[in-house]
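Each of the next two complexes has chain A plus one other chain: chain B in the first, chain C in the second.
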Partner chain A sequence: MTHQTHAYHMVNPSPWPLTGALSALLLTSGLVMWFHFNTSLLLLMGLTTNMLTMYQWWRDIVRESTFQGHHTPIVQKGLRYGMILFIVSEVFFFSGFFWAFYHSSLAPTPELGGYWPPAGITPLNPMEVPLLNTSVLLASGVSITWAHHSLMEGNRMHMMQALLITILLGLYFTFLQASEYYETPFTISDGVYGSTFFMATGFHGLHVIIGSTFLIVCYLRQLNYHFTSNHHFGFEAAAWYWHFVDVVWLFLYVSIYWWGS
Partner chain B sequence: MATAAAARVAGLLGRLRPQLARPMSSGAHGEEGSARLWKSLTYFVALPGVAVSMLNVFLKSRHGEHERPEFVAYPHLRIRTKPFPWGDGNHTLFHNRHLNPLPTGYEDE
Partner chain C sequence: MCDIAPDLRKGKIRMNCFLNVVFGDGRMQYKEQRMANTLGNLDEDDGIPVHLKGGIADALLYRATMILTVGGTIYAIYQLALASFPKKQG
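Up next, the complex of A and B:
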């Protein structure tokens, strides 16, 4: 007999870790070439290979789990640990940008005028679009919880309705932030204020786009009956990530938009 | 005495059985009716909150276009240590001709 006598998943050999690593090399060297030598070929190759790797690797995971049944409870437990640890690493990533912001804003240098916001900077009013953005993300946290409970109770239509509302709110946030970026009187080149503002909010916006994409994938999978009422870890991982994105925004709003004005 | 012990054992078995009956399920089970609560929260609290915030932004925007600040060539702003890798290298990615001055001043003056 050649069947396994344990509940773990011994994954078949796969090319995607290698193509992923190669794409990372192309992305980094591509950025160097673009910044310093004004050529974008390497960068384009890096973006293409990166997108292809992600699509195929995650497609394979869906095949292994939903279609081949390899995700037993112990396998899922490992995936839970993995997602949690990944989100923890992202927390540390954002901590760096918050550190930079507080370092610069708690003791403004004489070059900035000795105060914060620095001389010549008119910050955004936290009670206008930033407050709307806060309500949008908080609302999306409520709707995704509704989606999860609907999924657990086996209500297919409600789950899709709630997840769709969540996705639309996420896209609305991205639209609002993009228009804010175009309308701000200050830019990324406006000293340390501009740098800290756009690095922190910019990476957050990128994470909103990533989270929205993850949710859209979940929506497509739900359309295709991939999730069951008690086995839907892909959705849970997306929900965890989405809540993380929401929490980062709350920190951004309180620190940079509100206190920092 | 024996019946009480038997009842306790049966109670324990009753608690164990649901786990044994779903050995390969690997997800949490939500309690009944909780989806209705979150649906109500979505439609009666969360989305109206967004609507109110949208109204607030709309009303504030009608307050009138405020004049853009006068251009002062501060050395700590509009830093150009290295040209941007796009366009003429002198415009930020979300450059707004009316609101964002270049190091030399507003473009539409």
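Up next, the complex of A and C:
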């Protein structure tokens, strides 16, 4: 009988890395077809196969951990490192957009009128919906901490209430931001102001949607008794990601909405 | 509190302890039944890889995903070939 002489989890051969890579090909080539030839079939196939891959890959991880018990403390440590490194990579991703914003706004060119916000741009009032959005995300940071402590203390009802509040706040943020997007007097095409504004806030909004989805999955798992009071890394990873999203918003609010107006 | 020298392979032990503390014996059996019946036997050492271990639904979803991705790839390469040789106008 064979046995491994190391502590790490060697997963069963899986088709999902391949389908994931192929779905990325379909997404990118699909975008090209949509932009240049006005057909969306490839893009649709890309989105579908991407969703299918993510669903099945993460479903398998839940099976390996919750149902097969492969996530020992050492394996979990590796997962922690992995999530931390992923979030660090996302920090660098957003740094690029902040760099672009500061590059253009600290030394506004003559074409912009030599000042920021540029000539012709009416920025959003930072004391209105953007401030509400800030309070919504900060509150969601509090509620997710409450959820975590409830989970650690074995308080099932409180954990689910707090997690639900967090999710609802996240959805509320998305709704508010979407309505702001509808109301802005400027568009992404309005010079470098529009570009930096919508690229930075747009990707942030996408991350809020991703984070909310992650939290909803955690909620469903909690409903099905997957988490224990001291083994719930999926929830912790979601919480880390959510705090990251919150911090990015704080930088966005201070830099683009407040200082940038 | 509910982690008695956790034998992580036997997820049911963890869950039973938790349920017992929170709900008592009666509800424990019902919940255990629900959780056990959610999927096929993931614990069985039958050589089936985890992505197919849930039964026929797994196999169907896998096939659908593969057909779409591989088919889509062929279609993407076909479109690329088409776009590489533009037809002359008029």
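Everything below uses one rule, namely that the second predicted complex is superposed on the first by the 255 of 261 C-alpha atoms of A that agree within 3 Å, B and C clash if a C-alpha of one lies under 4 Å from a C-alpha of the other, contacts with A are read in each partner's own complex, and residues count from 1 in each chain.
What we mean here is this: a residue touches a chain if its C-beta (ideal position, glycine included) is under 8 Å from a C-beta of that chain, and two chains touch if they have at least 3 such contacts.
Quantities reported herein were computed from a predicted structural model and do not represent experimental measurements.
In the overlay built on the shared chain, the residue A:Leu169 is in contact with chain B alone; chain C does not reach it. In the overlay built on the shared chain, the residue A:Ser255 is in contact with neither chain B nor chain C. In the superposed model, A:Thr213 lies in contact with neither chain B nor chain C. By the touch criterion defined above, A:Asn230 lies against chain B and chain C together after alignment on the C-alpha atoms of chain A. Applying the stated contact rule after C-alpha superposition, one finds that A:His71 touches each of chain B and chain C.
For chain A, the partner touching the most residues, choosing from chain B and chain C, is B. In the superposition on chain A, the residues of chain A contacting both chain B and chain C are 71-72, 228-231. Of all residues in chain A, those touching chain B in their complex are 34-35, 38, 71-73, 76-77, 111-112, 118-122, 125, 127-129, 131-132, 134-136, 138-139, 142-143, 145-146, 148-150, 152-153, 155, 158, 162, 165, 169, 178, 181-191, 194, 228-233, 236. The residues of chain C lying in touch with chain A in their complex are 1-3, 6-11, 14-15, 18-19, 21-22, 31, 35, 38-39, 42-43, 49-51, 53-54, 61-62, 64-66, 68-73, 75-76, 79-80, 83.
Remark: chain A residues 11-16, 18-19, 22-23, 25-26, 29-30, 33, 36-37, 41-42, 45-46, 48-49, 52-53, 56, 60, 63-64, 66-72, 154, 156, 224-225, 228-231 touch chain C in the complex.
Residues 22, 24-30, 32, 34-35, 37-39, 41-42, 45-47, 49-50, 52-54, 56-57, 60-61, 68-69, 72, 74-80, 82, 85, 92-96, 99-100 of chain B touch chain A in their complex.
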